[in-house]
Amino acid sequence: MALFGRRNVLVAMLLFAAVAPTFLNAYYLFVANTILIYVLLAIGLNILVGYAGQLAFANAAMFGIGAYGTGLLQVHFGWPFWLAFPLGALIATMVGLAISLPALRLSGLYLALSTLAFAQFTQWVFLNWEPVTFGAGGFKTPPISFAPLPISKTLGLYYLSLILVMVLFALAQNLVRSRIGRAFVAVRDGEIAAESLGVDLLRYKALAFGISGFYAGIAGGLYSAMLNFVSPEGFDLFQMVIHKAMIIVGGLGSIVGSVLGAGTLVFVLEALRKVKGVQEIAFGAILVGFILFMPGGIIGYLKEKVRGWEEPLHRARASRRPPVAATSESSEVRP
Amino acid sequence: MELLVYLLLSGLTTGSLYALIALGIVVVNKATAVINFAHGELFMFSGFVAWMLHVQMGVPYLPSLLAAVAFGFLLGAATDLIAFRPLKNANIISLVLATIGIAFMLRGTARVIWGGKGDYLPFPPITSPEPIMIGGIMVIPQQLAVLAGSIVIMVAFAAFFRLTRAGKMMQATADNAKAATLAGIRIDRIYMLSFGTGAAIAGAAAALMAPLTLLYPDMGFSFFIKGFAAAVLGGLTSLPGAVLGGISIGIIESLAGGYLHSSFIEVSAFIVIMFVLVVRPTGLLGSTRFRRV
Amino acid sequence: QVPGVTADTIKIGSFGALTGPGYLYGKLPMNGIEVVFDQVNAAGGINGRKLELVREDDRCDPAAAIGAVKKLIHEDKVFAIIGGGCSNATVAARETLAEARIPVIIMASVHDGITTPVAPTIFSTALTSSLESAAMLQFALDQGAKRIAVISMRDAWGRSRYTPLIEAFQKKGIKPVLDEEMAPDANDATAQVLRLKGANADAVLVVLYPKPAAIFMRDAQKLGFKPLAVGQSGIADPAAFEDQVGSPGATASFRTISMVRYTPEDPAVDKWRKAIEAKFPGDRLSVFNLFGIGSAQVMVEGLKRAGPDLTREKLVAALNGLKDFETDVYPGGITCVETDHRCNKNPAWIAKEPGKPVRVLGVTKVE
Amino acid sequence: MNEALLSVRGVSVSFGGVKVLDGIDLDVKPGEIRGLIGPNGAGKTTMLNVICGIHPPHQGDVLLDGVSIVGRKPSAIARLGLGRTFQTSQLFRGMTVLENLMTGLHHRTTAGFVAASLNLRRYREEEEAAEEAARQALEFIGMSAFADRPASALSFGQQRVIEIARTLISDPKVVLLDEPAVGLSLNRLAEFDTLLRRIRDEKGVTLILIEHVIRLVMDVCDQVTVLSSGRRIAEGTPDAVRNDPGVIEAYLGKELRARHSAS
Amino acid sequence: MLAIQHLKVSYGITQVLRDVTFEVPAGKIVALLGGNGSGKTTMLNTLSGVVRCSGGSILFEGKECAGLSADNMVRRGIVQVPQGREVWPSMSVQDNLELGAATRRDWGAMRADLDEVYAMFPKLAAVRKRRAGSLSGGEQQMVAIGRALMARPRCLLMDEPSAGLAPTIVGDMVDTILALNRRGLTILLVEQNIGVAAAVAESAHILQGGEITFSGPAAGLVDNDEVLRSYLGR
């Protein structure tokens, strides 16, 4: 495999992430942790949108549900983070599964709007169910403790995020290269053909929504712990745009692309601090620029430029035949 | 009874604003099968242009309105050139996101240009500001003007699409662009026409409703989201559907506010839409873009 | 070595929304700070050091605010901060600010949670919401209102005022006759007005931004509902507000609180209007600029008093020692004590009768 | 008639008041190749859609192996061993040719969410077997060189061939082929009847063949059913059907003559 | 009428047409044959201006047309019946047909042409209000053919027009093609139904490996053993 092969690059990124805290200041560590959290979100969203082709806009809501779930379970019931966190993710998963039901009947922009409506509804609940959610003012979450490990909160959270990213990245990568990943793509590319090959639409749509809910929920839980503060603003439509931008910039239908997209987007948002006053304009221009000049996302660009970057939907075997260049010999082959 | 009449009337007025926005969204969708997420910003920007002409430079109202319409058209065509045409074969999410990018640029630009002029810019009413009584019901003349203006625009567009082949060509382009190309339809022109017209409607809407509301750089999105909802409720490609959807949302909101509680206003339409779509997956007047296998 | 201080400069950071709807409470105050700094620098700086402002955007988003202050503290290494535009963002950033023990003056955020309990290094020159809410209710009662209703916005800012307002009601042993809501982007208030009218409210406490408030006042006028309307510092420019409502006479019974004494039209702030308009061509002076000007003047005074051997501790001590310090904009003197960092406790009452100039009805002192 | 593998009993379908299928019966024995022909719009594709569960019939029943399958989801019916191809290409355009074929094995593989995401051994073996099967199928249709090509970069005829292979790869019991020969070039067509017979004989697949290429139908089918306007107008051996005046009138028409002899 | 010289076309790195040269004389019907993937559709799409060529030239009535946009080609009179019946599924049959004449302005003549199409495919007349997407495969193919005729082409490019049509209809179509041809329509026909090709075409070219490997009269094609061996692979 080439030096810039996918595996080598990933390993290098991982090594960098592992030692980063030793030389990053608190600000950069915060940014790095944000990236890790967004990586999780982007992976989940890419499975739903990029692979299963469901044009859903409810991801920010599920992110929020994860954050609120984790936070509120700690605040209202005094549960430790370590219990509230998985449960928060589970709640987000359930919600994801629930919104997959209308998705069975809806497609395209209709699905987009109904999930957007759901997201607006979720915001409304965050804002209005004051006895539980504390309303618009949000609430503080108790600081998480890593005792008995001798590690600070910030550092602990960073490594917790990193480990989760590694594990969930690997799971997702395995998943999309399996029959389940292919079933997702089949649902995306042709529902009727997929069904007639035995792919159960409801099952796989629900699975995709559930998975993205789970990833968003995990990300939400980590987010609430990182900020120690949860409020509705964090999960509004601007967030939605950022999430969508991550998977487009990284590349639809690619797990590695999700990682690159999340990293790029958080980086761009932070870098834009430099152009004060015109961030919005610059952000819009960068977004349009990315889409115009890298229509397949970063991953599409890499696939084109770097050999060995293909992202097959099956496990590539070592003895792969090289792709054919000439084609017209096909008139000689017979059925 | 009086309560109901007032609520219906206010629902109708806000609804017709939503309907105008939805109309523009539908015109774009008809040809491109995409939603222009910058629609609200095109609306906002044209509104500011009208404000600049009318309030700052003292141009009379009607020419300002026409200028807003023309400017809207240009902005829409520019959106097409930058964020749609080079991408027309891309994934729909990329397209949507590109228009979102345009939205950010417009909003940021408006903030730079007009953001320091005060928080919310007022636009003087074109009619007498004194409320008038119609059969015991108090109405602001400006509201009637908006209602009338909306109706004129809707009828004009309905006629345009009935009397020309443009509407059909748009639909054909969205339905199967390759076939449209092969039939000699200049799809690039169709795209520009639809983006331009959609934005021109937004421009007209902005100039019409500016006196009823206030101008500020972030006003676009909330109108857009309601307009999008209205368009979907109506069926996305249907012009009458857009009007029906807009007015329904206006009235739902108003009734929810009057009879339940004002905290339900914002969310009521979305809840209703979620249910409507489950029952009618392509909106009230929409038809599926389907293909047999 | 003190961060952010060199022989001839002092770096001051600021965070708030530069983008997004909240830019009014971020970017505009920062513009105000900037002109104050310019003026100080033109006069030779503070103890020979020029002031330098570093702005960071928080989009009114809690996470972005934390990022912004971390960047100011750890990356830009500013000496002190004047900032805070949106309540939730500032509340979220509070812990990071307090941990870093960096001196902070809050310029616009009003949430009680920012100043209570007291964080040793965080001061606020914004009129804290519980103070203002209590004042609103008291004012309505003073005017003889019997049936007081509330109309509020359900965003972070709205709630940060609404909650203490309801507490203030409880303290007085009364209840609002009706409790209505309006969205920040609403274009119609018919439903709310009809309900309030039906409840026979004689005073309405308006916890809204100018846009919804203008719509509300317009529709109230239309439907013949003329209560005493009590605003707050979010609508602190009654002249502009009258224009925004656009319906003659609709603001006749509108009174509002301001955390600054002057409206932008006031000749007393001519100097600042010129400065703003010169530095930011096309802009008009707004109350939000004044917020920045006031807080910057307090910071400048603190820096002066902290002396030439500047340290953060000295600045904090100097700020804690401020007593009845007069600025160009705040209604009363600024007083900070170690146990209470809500330094601006003097809401001004202003009104503008149709056709007449803005009047400052008076300045109350709340405790 | 009881040993029928697939039987359709009195199926009717109407769209907007128009009867597209009107009380159709059809019994297909195991190992049979059944032709289904008829004019355009006769209802052949609709019939196929009813059988595989896409359209519910308004009346009537469909039995597979004696069990009613009406009302089941298409995916469930597919899992019972009923495969189909489509009149227009329905390849998954975002996949390579190989992956398309592997998707054809979807319901023959079992790895669940957990096994797949944890990359368990059992799943790996299954996956390798699937890939092997897909490669063999490509070999079989002579398109090995196309394994890693994106499906969207195939010509019309190439897509059709791959699609047929995708359906056959899972060894279904019954396969419904909707105009499989459309778009096939002459060389492929020439060997298509052999291919169909081999599929039947070597894999034991029962075939229902909708086709307008009459020569093919007459060559390979054991029985031919003729539909017209939603009714069955004839059924029997190819020879009998070919000479049925009603069928000639409604469907076959006159033979084409080459230009040189015509003019 | 149509002269193709040294045409080269590729998709990315895959070159599909290497060097294609042949002619379609005015008023004639020429068949273009070839195996799956040999580049026939690519050829037609290039002539229609949908696909760009990387070299060579296309002369239509002596004028260079390579690189012109699709609508320009239609306006010049080159119209395609695409493979795989690309109808507008959500529009009515009538709309489909009428829009085939999108480039025309002569409304009166259009009516007459519409009636002619309905006469040619009586099936379509019965379903003129129905959405094209709901039609059967063969019915859609009829719409695709009818739509192309509505543009009043002077040179018609047909990509397997008989695909999916019932034998009776194929017979009718052959008659129509011949009739149109007699009225002066030039046709380039891609067909897999060798019977149809032989029935209508005067000459035929076989495309193989990105080049024309055989040219000759269509009549002898069916009996030409050499050709069939290479082409049919028997």
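Every chain is named by a letter (A, B, C, D and E) in the order it is written, and numbering of its residues begins at 1.
One rule holds for everything that comes next: a residue touches a chain if its C-beta (ideal position, glycine included) is under 8 Å from a C-beta of that chain, and two chains touch if they have at least 3 such contacts.
Each chain and its UniProt protein: A, B = Branched-chain amino acid ABC transporter permease; D, E = ABC transporter ATP-binding protein.
Every value quoted in this text rests on a predicted model; they were computed, and no experiment measured them.
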| item | value |
| --- | --- |
| Maximum centroid distance from chain D, chain identifier (CA atoms) | C |
| Identity of the chain that, by mean CA position, is farthest from chain E | C |
| Which of B-E and B-C has more C-beta pairs touching across its chains | B-C |
| CA centroid of chain A to CA centroid of chain D, Å | 40 |
| Centroid spacing, where centroids are CA-atom means, of chain D and chain E in whole angstrom | 28 |
| Between chain C and chain D, centroid-to-centroid distance (C-alpha), Å | 73 |
| Multi-chain contact residues (two or more partners), chain C | 19-20, 27, 154 |
| Multi-chain contact residues (two or more partners), chain D | 45, 54, 86-88, 90, 155, 158, 161, 184-185, 187-188 |
| Overlap residues in chain B, where contacts from two or more other chains coincide | 108, 111, 263, 266, 292-293 |
| Footprint of chain B on chain E - complex, ascending | 48, 50, 69-71, 73-75, 79-80, 82, 86-91, 95, 98-100, 102-103, 131, 133-136, 147, 151 |
| Chain A-touching residues of chain D, taken from the complex the two chains share | 52-54, 73-76, 78-79, 83-84, 86, 90-96, 98-99, 102-107, 109, 111, 113, 116-119, 123-124, 127-128, 130-131, 141-149, 155, 158, 161, 166-167, 170, 184-185, 187-188, 191-192, 195 |
| Chain A contact footprint on chain B (complex, rising order) | 29, 33, 35, 82-83, 86-87, 90-94, 96-98, 100-109, 111-112, 221, 225, 228-229, 232, 236, 263, 266-267, 270-271, 273-274, 277-278, 281-283, 293 |
| Residue ranges of chain C touching chain B (in the complex, touch as defined) | 19-21, 23-24, 27-28, 31, 151, 154, 180-183, 185-188, 190-192, 194-195, 198, 209-211, 214-215, 218-219, 221-224, 237, 240, 243-244, 246-248, 280, 282-284, 286, 288 |
| In the complex with chain E, residue positions of chain B that touch it | 165, 168-169, 171-172, 175-176, 178-186, 287-292 |
